[in-house]
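Both complexes shown next keep chain A, but they swap its partner, so chain B is in the first and chain C is in the second.
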Partner chain A sequence: MHRFTALLLLVLPVAGVFAGGAAWVMVPGGSFRSALKYEDGGIARIAKFEMRKRPVTNAEFLAFVQTHPQWRRDRVATVFADARYLSQWPSSTRLADDDQAAQPVVDVSWFAAQAYCQAQGARLPTWREWEYVAAADETRRDARKDPAWRERILGWYARPSSGPLPRAGLQAPDAYGVQDMHGLVWEWTDDFSSLLVSGDNRVQGDADKMKFCGAGALSMDDRENYAVLMRVAMLSSLEARDTTNSLGFRCAKDLP
Partner chain B sequence: MKSATCRHALILVAALATAALGGCSASREDASPTATAPPETGGSLKGDFGPPQGPEIKAVLTDPPMVPPPTGRHAPAKVVVELDVVEKEMPISEGVTYTFWTFGGTVPGKFIRVRQGDTVVFHLRNMPDSKMPHNIDLHGVTGPGGGAASSFTAPGHVSRFTFKALNAGLFVYHCATAPVGMHIANGMYGLILIEPPEGLPPVDHEYYVMQGDFYTTGKYREKGHQPFDMQKAIDENPTYVLFNGSEGALTGDKALTAKVGESVRLYVGNGGPNLVSSFHVIGEIFDKVWLEGGTRFQENVQTTLIPSGGAAIMQFHLEVPGSYVLVDHSIFRAFNKGALAILKADGPENKAIYSGKEVDAMYLGDRAAPNLAAVATAATANQAGTLTQEDQAKAGQALFAGTCSTCHQPNGEGMAGVFPPLAKSSTLAENPKRIIEIMMHGLNGPVTVNGKEYNSTMPAQTQLTDDEIANIGTYVLNSWGNPGGRITKEEVTEARKAPPPADAATGQH
Partner chain C sequence: MKRLSIHLSSRLLRPALGCLLLVVAGALAAPAAAPLPKDSVYQLPLPLTDQHGKTWDWRSHRGQPQVVAMFYTSCQYMCPLIVDSGKAVQHALTPAEQTKLHIMLISMDPKRDTPAALMAIANKRKLDPARWSLASPRANDVRGVAGVLGVRYRQLADGEFNHTSALLLLDRDGRIVARTEQIGSVADPEFIQAVHRVVAKP
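Right after this comes the complex of A and B.
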């Protein structure tokens, strides 16, 4: 019996990190006040959905490019990914070591992330879904009113990005059972291109006219929520073919 | 003694026939006049142009952001000003209301414009439904209290007093009834422009903007009606810092407007009650600033300081279209307390002056890939059976940074009252090995660390492997004045067999 437990423990973390069948978490629906100022009012209805427990790892993404070689860095169409795409790998089909395998994949374009999720029968989460889950801490589904929650997230921003990325799933799961929403990498969302925070955040409420067309945010409703603000500012600086050293993704799925 | 020294120095300087005056401040008479120095206006001494002439004139008063037209007069006149004091609830931000006390129903109050030498007959009317008595202190008045004592007016009363406007300039007026700070904090201020006899040079647009700081019991943007918070006011810790009394008073549809090729003059006051403004227009340079609202102008200014209870006039010419943002460049006030306004300039682009974004290309930079060498080294050494305590602590440090540090902080100090410290921890000193159990099962309920009680939940770190717990534990025990020692993977594996302790977090995972 003891031996069996030990064996299970030994296998579990490895399975969690490398398994092709990634762990999914059911996120119950609910209503939610976004920190962004939406045209249709602040309260969003979130339908229940599934979200990946962790960001996609290098190992998982490597498995994808091996079965979908058009997404290899040496074969990808330049309109779908910039020259930095997957440049952290020693070659287009090989990872440096086990540590890299367990790290979240970064330097992926939105197109590539989207293709990955599609191949899993999934999609990228919407911004509202992402923000809904990211409002949680380990014990509460909406911890945003707690200054300690904000401090913890700001602590991540304050840390230099020169160090190595920890493995995906190193942090404790939140109240939904999802890990690494904060403190690891930025993440693509399906509708990132409609997050239109002005490049100059001082121009609140008077952004250029072209920026009013999107379905997304006009400005922030909750300005103390720096955590969200910085995510949005980051995403709104990008185009779908762009990649950065700290931007990864996870997938989501509709539930019937 | 000090003045004697100064005089002595002055005589010396004069004897040397030089204009440079060392360290002591000299009166105007003492300073050697040079040919380039502009003549004095003479101030109030030369501001009386005799008795009022012509018919009595009723002053045109305007609501912000508008400014009354120039007086256009060349002789002193008798000017009647009638100002109502109105206490009213108005929005201070979207979905937030505040009970303002106002001069004329707006914050700031009505703009008053007269000419130097005018005789101003001032009627202050306090509305019958006011709760408070009010008065007015105009900084443009020569006389004790600036009119305050003569204008003290009970609800449902009207007071009258008369003054001669002897000094030209842009002046703040405000209520001076006790408690003065509260009356000002509630919005009781405005501007009076006393034009110099020759008037001011013509411009295309004149606008009226006034900064004020506001103190509400609720937080910034907390919805509903918000009462005044006296303690925050005393602490000089405003909830809002605003232009023209409400967030959004000068943005969106209410933005100031002008066209490319036009010149704009801003009359900007600062009502306070507490803050000094670092007034700046993003994307513009003031061609002229009449500092402190006085007679002389400085040229080519980026940011101008406007004291509480002070004002400044600034002028600029618009070359390029777009949104220009007025801010208090104490910049958190602009973004987190509301101190911003927009001036929208329409007109043709001028790429020779400003191109807009020309290039957005990828920049690869110098990429030295960081890696988890310490963790890898520890893993390899573990397999080879050569793992040392140092290997473990180094690996643990990298792991700690990626997980524990978000609560316990990179230096192990924790967060006061919320997350207990790991540095010099009394809990770890008592029983170093307990760190295994705490990581594995979490910790729920009150705990006393280093003499302070903490009562929160640390979840069970179920995501950590036995290796990771051993390495993190070893790192923590050997850091920040903790007792040292080593946690092995085998110890962790063994500990998993024990039942969770009573204070384990009841994790849902």
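Right after this comes the complex of A and C.
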């Protein structure tokens, strides 16, 4: 089995595997400089892990809700999800149409996303894992220094979000074989609440010790990287029960 | 007596037998069988291991108002202040009120906050074990409890944590009725008013 995996790795940079009906992609480990300025060091070692190829869709989340009825929108504990939770569905157990079935699920709280991944024997990716994979374009694992790549991502943020969401999995896979890291929805990370970013740029890096024990808030090491900056600003403003109509998730798994 | 019966039933209600017991308990004593409110933090199952090495779910504290905060014992600066905050709340209460309130400090560092480490702080700060629980969740549960309590944290490479600090007041059913980020030996007057109201409720 190990030899088989190793062989696959030789042939392909990335081996896509199937598990639980959803496509998973093996992401090789590596060292990675975050766009965030961590006071305890900017370069992190990312261990290899598996990530879902696409964000979780409405159809997949509906199947979960049907087997875990405590996560139906009419039954969920309000401590785990706000009033908008799954409000895009016509009823608590039905989807509007095939289009909606294939769209990424949004209006899900961190608790619901975490419960979904746990039920698949998985977890949410960490912020560092997410940022690591999101640095890739179609051909390079780290395209972040390319102004054209940055422009393309900024173009998505500039588009109005009032129209219906596209289906998941329509965009070209990135160098890892993962789809839709940009250009579709925002995504929860397991440790979203570790992103202690001050709302005010001018005080970034100043230790506000009455609020943050130890040292200060995170600040940006790479202020040109808007894709990361906007994600971090958004995630750091959320509570675990919050939902928004542009925030979904995908799952990740440890690899031995 | 009433408080005791609520305690008992919330323990019984926990696992799979819950539905059956709900029916039985409902027939025997209606108030004791009241389902957990949907906005109660006790919706989250949370086994905790305390300074005595005993493991219990935080829902076993249903029936008594709690002041809850997250902390970790090796913290030099903020965490002693969190203990001060708990003491400041107690000092603002009458002795009769004090008996009705429990203080629960939940560690965000279960790896290092063993019962012995928790007990060392409890002894050093002379915390009455009848009124104070210092306890660690399982490692995988820390993000979840921080989520329901609205606490943000990040572990640093050296094992220290960056974290926001808050004191939360839970009513008998685990609903958050007050929150303050004013930490230290000077109590937040509005928070204290809320504690007076919650412990006064029958």
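Keep in mind that, in the parts below, the second predicted complex is superposed on the first by the 227 of 256 C-alpha atoms of A that agree within 3 Å, B and C clash if a C-alpha of one lies under 4 Å from a C-alpha of the other, contacts with A are read in each partner's own complex, and residues count from 1 in each chain.
Note that a contact is a pair of C-beta atoms (placed from the backbone, for glycine too) under 8 Å apart; a residue touches a chain by one contact, two chains touch by 3 or more.
Keep in mind it's a predicted model, so treat the numbers as computed, not measured.
Within the superposed three-chain model, A:Asp97 lies in touch with chain B and out of touch with chain C [touch as defined at top].
Legend: residue contacts after superposition of the two complexes on their common chain; A:His68 is shown touching neither chain B nor chain C. Of the two partner chains placed by superposition, only chain C is touched by A:Asp190; chain B is not. Applying the stated contact rule after C-alpha superposition, one finds that A:Arg33 touches neither chain B nor chain C. Set side by side, chain B and chain C differ in how many residues of chain A they touch, and the one touching more is B.
Chain A residues in contact with chain B (one complex) as well as with chain C (other complex) do not exist. The touching residues of chain B, counted against chain A in their complex, run 219-221, 248, 251-252, 255, 282, 323, 325, 327, 334-336, 340, 342, 344, 362, 364, 367, 369-373, 375-376, 379, 398-399, 401-403, 405-407, 409-410, 415, 418-419, 457, 459-466, 468, 493, 496-497, 508-509. Those residues of chain A that touch chain B in the shared complex are 2, 5-6, 9, 13, 82-84, 87-88, 96-100, 103, 138-139, 148, 151-153, 155-156, 159, 162-167, 169-173, 175, 177, 179, 182-184, 200-206, 208, 221-224, 242, 245. Per the touch definition, chain C reaches chain A in the complex via residues 38-41, 43-44, 75, 77-79, 143-144, 146-148, 150-158, 160-165, 181, 183.
Here chain A touches chain C in the complex through residues 39-41, 76-80, 110-111, 114, 190-191, 193-196, 209-218, 236, 239-241, going by the rule given at the top.
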